[in-house]
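This report refers to the structure that appears directly beneath it.
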Amino acid sequence: MGMIASKLISMRQAVAEHVPSGSMVLMGAQLEQMIPFAAGHEIIRQGRRDLTLVGPISDILFDQMIGAGCVSRVMAAWIGNASAGMGYCFRRAVEKSIPRAIETVDHTNLTIALALHAAAMGVPFMPTYTTLGSDLLKRNGNLREFSSPVNEERLVAVRALRPDVAILHVQRADASGNAHLWGNLGVAIDGARASRKVIVVAEEIVAHEVIASDPNRTLLPGFLVTAVVHDPWGAHPSPVQGYYGRDHAFFHEYHDQTRELDGFERWVKLWVAEVPSRAAYLKQLGDSRADNLRVREHALSVPVDFGF
Amino acid sequence: MGMIASKLISMRQAVAEHVPSGSMVLMGAQLEQMIPFAAGHEIIRQGRRDLTLVGPISDILFDQMIGAGCVSRVMAAWIGNASAGMGYCFRRAVEKSIPRAIETVDHTNLTIALALHAAAMGVPFMPTYTTLGSDLLKRNGNLREFSSPVNEERLVAVRALRPDVAILHVQRADASGNAHLWGNLGVAIDGARASRKVIVVAEEIVAHEVIASDPNRTLLPGFLVTAVVHDPWGAHPSPVQGYYGRDHAFFHEYHDQTRELDGFERWVKLWVAEVPSRAAYLKQLGDSRADNLRVREHALSVPVDFGF
Amino acid sequence: MVAAAAREIHDGELVFVGMRLPMIAFVVAKRTHAPGAVGLFENGVIRDTPASELLYTMGDPPNLLKASYCGDMLSVMSLLQQGRVNVGFLGAAEVDRFGNLNTTWGSRNGQQIRLPGSGGACDIASLSQRTVVLLEHNRLRLVSRVGHITSPGNGTGNGWRREQGLPLRSGPSAIITTMGVLRFGEDGEAYLASVHPGMSVEDVLSDTGWTLRVADDLAVTPEPDSTELAVIRKIDPNRFWTKS
Amino acid sequence: MVAAAAREIHDGELVFVGMRLPMIAFVVAKRTHAPGAVGLFENGVIRDTPASELLYTMGDPPNLLKASYCGDMLSVMSLLQQGRVNVGFLGAAEVDRFGNLNTTWGSRNGQQIRLPGSGGACDIASLSQRTVVLLEHNRLRLVSRVGHITSPGNGTGNGWRREQGLPLRSGPSAIITTMGVLRFGEDGEAYLASVHPGMSVEDVLSDTGWTLRVADDLAVTPEPDSTELAVIRKIDPNRFWTKS
C-alpha cells in the first residue's frame, strides 16, 4: 500500500488534541450498539466544557457528560437511559440548571440522520415530510418549512449539521483508519462524513490486508479519519457485536445510583474520575462480570470472493 | 424463517410478467460490472416496445436494445461502448431515427444517482450543485434551479425518478430475494428502492442462512424484490466479481460488427434472436472463451463474527 | 393488551416494532396469524424472524444475529418515508383525544419534567400508514390536549394532517391501553371501541381526561386465545412485561 | 503527456482518476512524487494502491480487488460535492478558450454526431477543486466556443462560475494536449503555458481554433525523467496508450 502514516494514538492524546472545549461532538452514532464510553469518560477526565453533543439516541453517555458539566447544548432525538427511561442528569440540567443550564435542540431520529446526511452529501439541507404538524418543527430552528421546487407539496428542510468531531467505536480498523463496522450502522457513515474530524476507537487493530479483503465493509475511506485509538472494551456497558454483549444491569444500576445529585457525584468519581484508563476500568468491573458478557457462540459470516 | 414463498422464476417468465412494453426499466446500475445482458436479450426476444431505459453508464446493452427497436426514450449519463467509445445503434437512432426515433434525456452520473436517491428516500427531489452553468440543466426538465430554503445559495433540484422495474444482476441471492452483492455498487441500492418492482438475477441461489450470516451485505430487504432469476453467466460480457472477468474483446467485436445497420442486424440475430436461453448463449460463446474468463486466483474476504 | 396489539399486525405487513410490549406483540403475531410480517428497527435492522431472545434494546446482539438486513438508519427510515411501512407501534407519556403524542415534556406533582423526547416516534407517527399507541390508562396519560405535540396524531381533527402536508395514507389507528382499545372516528377524534375483559365502561370513562365517546357497537376485547397465550408465556415466563 | 498529467497530482491528494491516460498518470504519480495520493472512481471504488493490472474500465475486477473501499456511487460523488476532491481528470471531444467541455454533440464532415454524453464529467468539472483536461491537439478539438456545454469550465470568463452558483474553489486548472499545456489566466481564458519538446509555438497556434495567448514565460514541458519513463514503460510496454 501507499506511504500512509499510522494514525494510532492513545485515547488521552486523541481527546487532548481533537476534542477541545467548545467542540460539537457526535457520539453514539450506532444508537445502543458501540457507544464510545471510553472516549466520553476521557473527555470528562480532561475537564472539557461547553461541548455540543450530537447523536440520535444518546443513552447514558450523554447523561454522564451532562452531569459532569461538560455540555452546554444537546442536539438529539432522545436523551435518557435506554434500559430505564429517564436520564436524571439530563433532567437536573434542563429543569434546575444543575450543574449548569443546557440548551436542548430537539430532533427526531430521521431529522438528525438527515441533518448529517445533508452535510455528508455536501449540500445545505435535506427535504423531508417528518415533523410537519409537530411542535419540534416550531421549536427547532434547524427545521424549516418550504414549498417543493418540483411540485405543490409542503416539505421540511433539515439544515446540514457539521460536527467538529465524530467519535465512532468499531470492531476493527487498520492503523490508517480504514475501519470495519458490522451490525446496525445507525448514523455512523453519514455522521463521520459530515464531521470535520473523525476519531475511530477500535476493539482490534488489524493489518490493512484484512480491511482490503472486504472493501464493501469499510465504514469510510481512511483519509477521512483523523486518529485511531485501540481501546478494547471501550464501549462497555453497550454491546459490540461479535465481541461482548450489553451489560443491562449496569444501565439499571446507573439509573438507581444517579437519581440524586450526590449519587451521581459518587458514581462519576468511582467509574470515571478515579479510573485513569480503560484497562483500570476493566479491572474495576471485574473479570467475572466481563466474562459473562463475552461471546458464547460465534457466528462467522460466509466469505465472499473478490478474486478474478 | 417466516413463511415466505419462493420468488424463483425463469428469465422468460420474469420478462413476460414484469417488463411490459412501455415500462421504464433500470439496468446497468453497477456501471461496467454485472450488466444484466441476459435480461436485456430476453426483452429483445419478447419484442418489447416503447421502453424507457434508465441507467448511469449504460454500455452496449442499451445500444443493443435501442438497435432492436425496443426503446423510445433513454435517461442516462453516458450511452456508448465503454471499451470503444461510440454506440452505433444509439447514434443511428438519434441521428437518423433508425430503427425508430428516440428521446434522450441527458443526465450526469450524479444527477441520475440523485434522481433515484430522491425516490428511494421517498421525497420529490434532491438538491445539488452539479450541472449549474451547463447545457444539461437547460435541456433536462427533471433538473430545475431553485433557491436554497436555508441560505442564499442557488441549487439544482433533481426530480425523483421511479422506474417501473429495476433489473439487477448479483452474485448470490436466496429464493425470497435477499441478495448479496459485492464490489462497486453504483446506483444498485437506490435504483432498486426507487423502483416499483425489482428483478434480481443471480449467479447462485443460496440458502437464506448464507444471506443472514452477513446481513450487512444484503443489498436490499427481500420484501422489495418481486422476482428472482437464476441465470449463471447472465452478465457476460460484463464482469461479475468473484465469478468471471470482463470479455474485453467482445465489446470491441460488437463495436466493429455493428458500425453499419446490416452488421447490427446480423449481430442481434446471431447473439440474441436465435439464442433461446443463456445456456444456449454460453454454448455459442464456447467453453474455451468462458474458461479464459473464469477466476484464476480466489480472494476470500476475512469473515466477521455476529455471535454473542 | 399484548394480544390486542398483535392483532393490529396483518400477515405480510411491514412493522416498525419498537421494544418491550410491541416486540412481544410482533412475536405473537408472527407465531400465530401473521407469519409473513417483517420487523423494521430504526437503527438499521430488518428481521423476517423474531430474535432468539427477548430484547431490552433494538441494538441488543440477538437482534442483529441472523437478521435479513443490517444497514444504516436512513436505509430503514426511507422505507417509512416512502410510505411502505404498514404499522408502527409507539408508547407515550401523554396522548390526547385526537391521538397526538407527547414524549418531550411531562408534569409530576404540578412540576414540569423533561422527558427523553421523540426518538423515532415523530417519524413513525408522521409517516407510517397506521400508528398504534400502547400506554397505561389513567387521566394523567389520556388527556384532552397534550402540552407538546412530539408526534402528530390528527392534530385538531379531520383534515388537519392533510393541511400540514403529512402523507394522505398515514395517521393514528388505535390506542391500546390497560383498559380497552380506542379507535378514531371520521372527525379524527378517538372513541372507545372495546373494553378489556373485566373492565367497566364507567371506569374507562372516569380514568380518561376528556369526555370519551363510546362506540354504539362497543365490544369486549377478545381474550388471548390459547395459542397466543402460550407464545406470550414462552417469551415472558415471569410476566415481567405482560402483567396486564 | 502522461508525465505532464502525473505532475498535476500532488502528494496526499484525492484524485478522480478516470481511465486510460489519467489512470497511467495516477500510477506514475503514486510511484514517483505522490505516494500518498488516493484514487476515487465514481462507480464506488476508492484505492490507496494502483490496481495490479491496467484497466479498460473502472469496473474491471482488478480495480475492486484490494481496494480500500467499495461503496455506491453517491458514497464517492458526495466527497466530490463536499469539495474534498483535489483534482479530476477529463477527456473531451471539444474544449473551448474558457475551458468548457463538450462530450454530447460533435460534428464530422459538417454533420452533427451524437456522442456518449457526460457520464461523470459534468460533475467533476462542476465540483472538483481543479480539473485537468487531456485531449489531442487540433482545430476540431480546441475550438473558440463549444457547441454544447456538457461540463462547465469558466463559461464566458472570470466570475461566471460564481454567478452560476458553482463552488468557489473549483474550475479548470490545465488542458494537457498532445502539443503542450494550457493554463488559465485571471480572466478565465486559456493560454499556452508550455510546449512539449519538439513542438513549435507556431504549430500549436495554427492547430488551435482560436487566437491562443502565449505566456510571457513560455516553457518547454519537461521530458519524463528516467523514473517516470520506467513506470510508464512498465505499465504500457507496447505504448498502446502512451504514444505521445
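Per-chain residue numbering starts at 1, and chain names A, B, C and D are given in the order in which the chains are listed.
The criterion applied here is as follows: contacts are C-beta pairs under 8 Å (C-beta built on N, C-alpha and C of every residue); 3 or more make two chains touch, one makes a residue touch a chain.
The shown structure was predicted, so the numbers you read here are calculated from the model rather than taken from an experiment.
Under the touch definition stated at the top, subunit A and subunit C share these contacting partners: B.
Note on connectivity: the fewest chain-to-chain touch steps from subunit C to subunit D number 2. With centres taken as mean Cα positions, subunit D sits 40 Å from subunit A.
Chain geometry summary: the mean Cα position of subunit A and that of subunit B are 37 Å apart.
Here the spacing of subunit B and subunit D, counted between their Cα centres, is 28 Å. Among the residues of subunit B, those touching two or more other chains are numbered 122-123, 128-129, 153, 155, 182-183, 185, 189, 213, 216, 239, 241, 245, 299, 306-308. Looking at subunit D, one finds that residues 45, 61, 64-66, 70-71, 74-75, 80-81 touch two or more other chains. Pairs of chains in mutual contact: A-B, A-C, A-D, B-C, B-D.
Residues 1-4, 120-123, 176, 178, 189, 193, 208-209, 211-213, 215-216, 218, 220-223, 306-308 of subunit B touch subunit C in their complex.
Listed in rising order, the residues of subunit D touching subunit A in the complex are 14, 30, 35-38, 45-46, 48-49, 61-62, 64-71, 74-75, 78-83. Subunit A meets subunit B in the complex at residues 122-129, 144, 146, 148-151, 153, 155, 157, 159-160, 171, 180, 182-183, 185, 210, 213-214, 216-217, 239, 241-243, 245, 295-308. Within the complex, the subunit D residues that touch subunit B are 41-45, 56-61, 64-66, 70-75, 77, 80-81, 104, 111-123, 126-127, 148-152, 155, 160-161, 164-167. Of all the residues in subunit B, the ones that touch subunit D in their complex are 30-33, 56-57, 76-80, 82-83, 85-87, 90-91, 94-95, 104, 106-111, 113-114, 117, 128-136, 153-155, 182-190, 238-239, 241, 245-246, 248, 299.
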